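Okay, got some structures for you below.
You will see chain A twice below: alongside chain B first, and alongside chain C after that.
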Partner chain A sequence: MNIPTYKTEPLKCWNKAKELRNEFYKNYANAHENGGIRWAGGAWSFGAIPMGLGNDVYPLTGEPYGASIAFNKEFSLRCLEATEKKGYARDLCSYMRSYWGSIILDEFLFGGKFPKPDFMWQDHICCSHSKWYQVASELEGGIPTYSIDVAVGPYNEVTDSLIDYIVSQMHDGIEWLKKITGREYDDEKLIDAVYNECRTTSLWAEICVLNKTKPAPLDEKSMYSLYVLGTLEKHSKKVGDFYAEVLDEMKYRVENQIAATKHEVVRLISDTQPPWGFLNVFRYLENFGAVSVGSLYTFGLIGIWEDKPDGTWGARTTPQQKGIKIETRDQALRILADWNLSKPEWQHFYSPHQKSEMMIRIAKEWDLQGIMLHYNRGCEGLSVGIAENRLALIDAGYPVMTFEGNMRDEREFDSAKTMSRIDSFMETLGLKII
Partner chain B sequence: MINVGIDVGAKNIKIVALQDGKIVSKGHVLAGFETKDTSQALYNEVLKKANISPEEVNSITSTGSGRKAADFASNSVTEVTAAAKGATNMFPSARCVIDVGAEEGRTIRCDNDGKIIDFALNEKCAAGAGAFIEAMGRALEISIEDFGKISLQSNQEIPLNAQCAVFAESEVVSLLHSKTEKKDIAKAVNDAVASRITSMARKVGFEKDIILIGGMAKNTGFVAALTKALETDVIIPEDPEYILAYGAALLTGN
Partner chain C sequence: MISEFQEWSKNRHIYAKNWKERTGGKVVGYFCTYVPEEILYAADILPVRILGSHEPQDVSEPHIFGMFCPFCRDCLAQGLKGRYDYLDGIMISQSCLHIRQAYTSWIKHVPRDFSYYIPMPNNVQSKHSIPYLTAEFNQFKTAVEKWIGRELTSNDINRGIEIMNENRALMHRLYSFRKNGEPPVSGAEAMEIAMSQQMVDKREHTSALKKLIQNLDGGAVASTNKGTRIMILGSEDDDTPFIRMVESVGGTVVVDDHCVGTRYFWNNVENNNGDLVESIAKRYIERPACPSKDWIDRTRVPHILALAKEFDAKGAIVIQQKFCDPHELDIPAITKALKENGISTLFLEFDVTVPLGQFKIRVEAFLEMLQEDDLF
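Showing the complex of A and B:
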């Protein structure tokens, strides 16, 4: 077999990504010392809305915080056990269990006591979202909590009345924010944040599109370190500016054939959250010349996409690119609701077929030779229907490997067995360790 | 041309030596704790039986969950590849290979050329493998050799509800306490394993011919339960436990 060898080099944006991430957690923890406000909520929360309270309002998003805990195995286990000791079932969302554990232990992963938020600002689409923060609020002695129901159906069936339903909750939410913080609300700041969010999430999709190139400039493991910033503050200008830098770097890598990995013999994608404590799975693939170029999860958790005139899947055109000037609060909220409802990762809550179609589309457009599906016991929301996806991908002609695990509970992941399964899968693709 | 295949399984080590593609010697031994030394000793014994000197050997290919222990091998392949190669080489009509060993059950779907299309493996649970039968045999005080024969004497359908070997053992003990006959419990155990394996086979999809390999193919009660669950016959090679080693020997690394 001909094994192509490409030049590769570390990402120039790597250190800045780490700095931004550290700054995010530091800003949240130190917000009160600096006279600011802290809020907690999910990575999919409408984070642009609390920005209307001022520039000193800092979020803590639960899923990436839960994922971060995976990298400290000792703390991770203590968090999970603390939650179980409190009586919560082991088969609940494992991000949520880690987050609750951190509260129960009153320890913040990044040092010190767990910093209590001033309010919870959540949305609700999966079965755990609102319950997560209801319990978190109770564990922290009663933090004011607001949740917006966004489970209105897939984007291709969205009507004006469904948008109205979400926007009316947003309007109420702004009044609620004013009441519980005692602050005035600045619509200009909201409008800026909505522009920022559209830019950030469209830019991320544009970055992912460049991975259609051979050799791929980015591998999935590296993508995790970059996409995470969108899950922290997708509404911030800083993250948008950073993604613009990443996009430039990716264009440079594409033009100069700088690959993510030295050998790219076959291209794969994975699905759902990875087992965060075992990202070496992706490095292991590289020994065979197999590169995971992303996943529906990395592409579509924060990336916002649309059908392009040539039939391909590409970054959604932002309101600013269309020349739309946002002038009112209602207009900003309406755009924000519509934008988020088109999020790829929200579609398959309603039907696994929607997800299969997107995955097959990725397989074709990114020219894949195989797919690895993580039967993730830690997230019911993103794993629902995954066996259906497997059948659809096989029917479409793509080899599929499945492995069981849990994104955040390493007790449910068998590393040796998974590697052994990868060995078999690689052999079926005709690959041997290079 | 001498090619050797070594299958270092979870419980047994099996070795096959081929001369120009024909089996000229074979042997097996309990893996024990000193797998590396045991593999080497069995290798020497298998060569000696056929009067082959180590210098005459052109390739040694290891497979099995403990294949790294056979560090004198020149090449290694996974169990999935070895099983498919061995079974399809022996039976070119094979389209599905079911391999049930001590610790793992696997089903493999192949195309007309013997190429693997899809495969499924059991997860970390042992309830779809031979170790489960051994554990239940201990609970029933039936030797592993008699387990299949005894289960064939039963015509009862007793579903084992537990999906886990540990819980199933406690269910078996409960059945014993309720005076259920041993033959009926043995059949229930074989039915339970067959059900798990059938579900894996359905996952990858199967069509005839189906080749059943691995040590569990010698358990007649399991074979009866499996053919009933699959609603079709299976072909069992003469020495089903050697097929991985045979397949490995064929995969010379060239």
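Showing the complex of A and C:
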């Protein structure tokens, strides 16, 4: 087999990504020092809305925080065991259990006591979402909590009444925010945050589109460190500006044939969250000349997409790109609701068959030779329907490998067995260790 | 006295096929008790709840990842095995992620003439959920009209509401007997009556219920029940052998909070001569919540405590289908509240089959503990 060899170089944006991430957690922890506000909620919550309360409003998004705990194995285990001691089952969302454990132990991953939020602001699409913060509030002794139900069906069936339902909850949410914080609400700040969110999430999709190139400029493991910023503060101008820089760098890499990995013989995607404590799985693939160029998860957890005029899948055109001027609170909220409802990773909640179609589309447009499915015990929300996805991908002619594990609970991930399964999968793809 | 209900429950498929032959009507299978059966009855359709068969199986493994609850996999298995081949339609009203997979796999692999997914809201505590659900129920009504080829009039909808309301009211009446010191109906018998309610034409069920209630009013008893008064609560539960076991070792199940029991029939449609579909929507929003919808305030806890008090339950057996996230999220808060109110709990994890021998030992110990509390 002909093994191509490409030039590679480290990402220039790497250090800035780390700085932004560290700054995010520091801002949250230190928010009160200058009279600021801190809130906790999911990565998918409408973070643009609390921005109307002022420039000193800092979130802690639960899933990335839970994922980060994976990198401190000792703390991770203590968090999970603390939650189990409180009576919560081991098969619950492992991000949630890690987060709760941090509260129960009153220890913040980044040092010091767990910074108690002033309020909780959540959205709800998977069974656990609102219950996560219902319990978190109880564990913290009672913190005002608000959640917006967004489980209104797939985007291709959205009607005005569905958008009205979400927007009505948002309007009520703003009144609730004003009441519990005692602050006035600035619609201009909301509008800016909505523009920023649209820009950030569209830019991320543009970055992912460039991975259609051969060789791919980015590998999925590296993408995890970049997409995460969109899960922290997708509504922030800083993250949008950073993604614009990343896009420029990726364009440079594409023009100069700079690859993510030295040998790109076979292109794959994965699915669901990775096992955060075992990202070496992706480096192991490189030994065979295999590279994961992304996933519906990496592309569509934050990225917002649309069908382009040429029939391909690409970044959704933002309101600002369409020349839409947002002038009122209601208009901003409607755009925010509609934008998020089109999120690829919100569609499979209603039909795994829609997800299968998207994955097959990615396989075609990104020219893949195989798919690795993480049967992730730690997340019922993203694993829902995964068995049907497997069947559909096989029917569509793609080699599929599955591995069972847990994105956050390392006790449920068998590294040796997974590597052995990868060995077999590589063999079926005709690959040997280079 | 309850043999007819037991027969319906045991031979649900034969019943439905016979009903189709007798009436020439259509049968729609549904998952989850948020489906507006009022509209189906208005359309002269027989709604039947899809439940599992409590047999170990492997046909659903390629379709649903094993970490999802055994109930949803058991339900799908019934479809894949052809046991529900007589269904003309299949539908779901959105509740938990687990059961929804049974629906989405079913429509692909066992397609029916009619299928429908109602995006039932989860924020039932928001005032906006009623107008939203009203709009969704109107859309559903339109889809049904298109399928059956006729419009549903106000009279039809009213008829559907009356059919459901009368049946639910009678179930309340039946359950009221269980408040007696020695309930004339056992927990297992009540469960069989509740299960059959979800499998047969409500009008026939109502007729049988009226006879039973008349007999009970006259002092007849279906069975003698003097055991320690127990409440069963938790995930979907139609495991009658388990209830019989509990009642064979000194317990009497007097009330429940699960979706084959009171959560299914607890409240009625209140039609105040307003918009009928809105009245139906209001009923489904306001009914005792599935845990997947019980947020941000906990309404299940006060409801369960009220039930326990009303039925004088001395202890509660908390049943959870394995891997059932929504219930797992509620169990610590519920058991804490029950304990604070003097009601001990026993937690048991269920699968399609349960280890009756091991569970018997635990239940016996639990009942002994409750009986000692009574002594002292």
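Operating definition for what follows: the second predicted complex is superposed on the first by the 434 of 434 C-alpha atoms of A that agree within 3 Å, B and C clash if a C-alpha of one lies under 4 Å from a C-alpha of the other, contacts with A are read in each partner's own complex, and residues count from 1 in each chain.
One rule holds in what follows: a contact is a pair of C-beta atoms (placed from the backbone, for glycine too) under 8 Å apart; a residue touches a chain by one contact, two chains touch by 3 or more.
Please read these numbers as outputs of a predicted model, since none were measured by experiment.
Asker: What is the contact status of A:265 with respect to chain B (first) and chain C (second): first, second, both, or neither?
Answerer: neither
Asker: Based on the superposed arrangement, let me know which partner A:148 touches: chain B (first), chain C (second), both, or neither?
Answerer: second
Asker: Among the partners chain B and chain C, which is in contact with a greater number of residues of chain A?
Answerer: Between chain B and chain C, the winner on chain A residue contacts is C.
Asker: Thinking of the overlay built on chain A, is A:380 touched by chain B (first), by chain C (second), by both, or by neither?
Answerer: second
Asker: Applying the document's definition of touch, where does A:394 land relative to chain B and chain C: first, second, both, or neither?
Answerer: first
Asker: For A:423, select first, second, both or neither according to whether it touches chain B, chain C, the two together, or no partner.
Answerer: A:423 contacts chain B only, not chain C.
Asker: Is A:414 in contact with chain B, with chain C, with both, or with neither (first, second, both, neither)?
Answerer: In the superposition, A:414 contacts chain B only.
Asker: Taking the stated contact definition, name every residue in chain A that is touched by chain B in one complex and by chain C in the other, in rising order.
Answerer: The overlap between the chain B and chain C interfaces on chain A is empty, containing no residue.
Asker: Show which residues of chain A lie in contact with chain B when the two form their complex.
Answerer: Residue list for chain A touching chain B: 394, 399-400, 402, 404, 414, 417, 420-421, 423-424, 427-428.
Asker: Where on chain C does chain A make contact in their complex?
Answerer: Against chain A, chain C makes touches at 61-65, 67-68, 94, 96-98, 100-101, 104-105, 108, 117, 119, 121-123, 126, 128-129, 131-132, 135-136, 139, 291-292, 295-296, 298, 323, 325-326, 328-333, 335.
Asker: Please output the residues of chain A touching chain C within their complex, sorted ascending.
Answerer: For chain A paired with chain C, touching residues are 86-89, 91-93, 124, 126-128, 130-131, 133-135, 137-138, 145-149, 151-153, 159, 161-162, 164-165, 168-169, 172, 349-353, 375, 377, 380-381, 383-388, 390-391.
Asker: Please give the residue numbers of chain B that touch chain A in the complex, ascending.
Answerer: Per the touch definition, chain B meets chain A at residues 65, 77-81, 116-121, 123-124.
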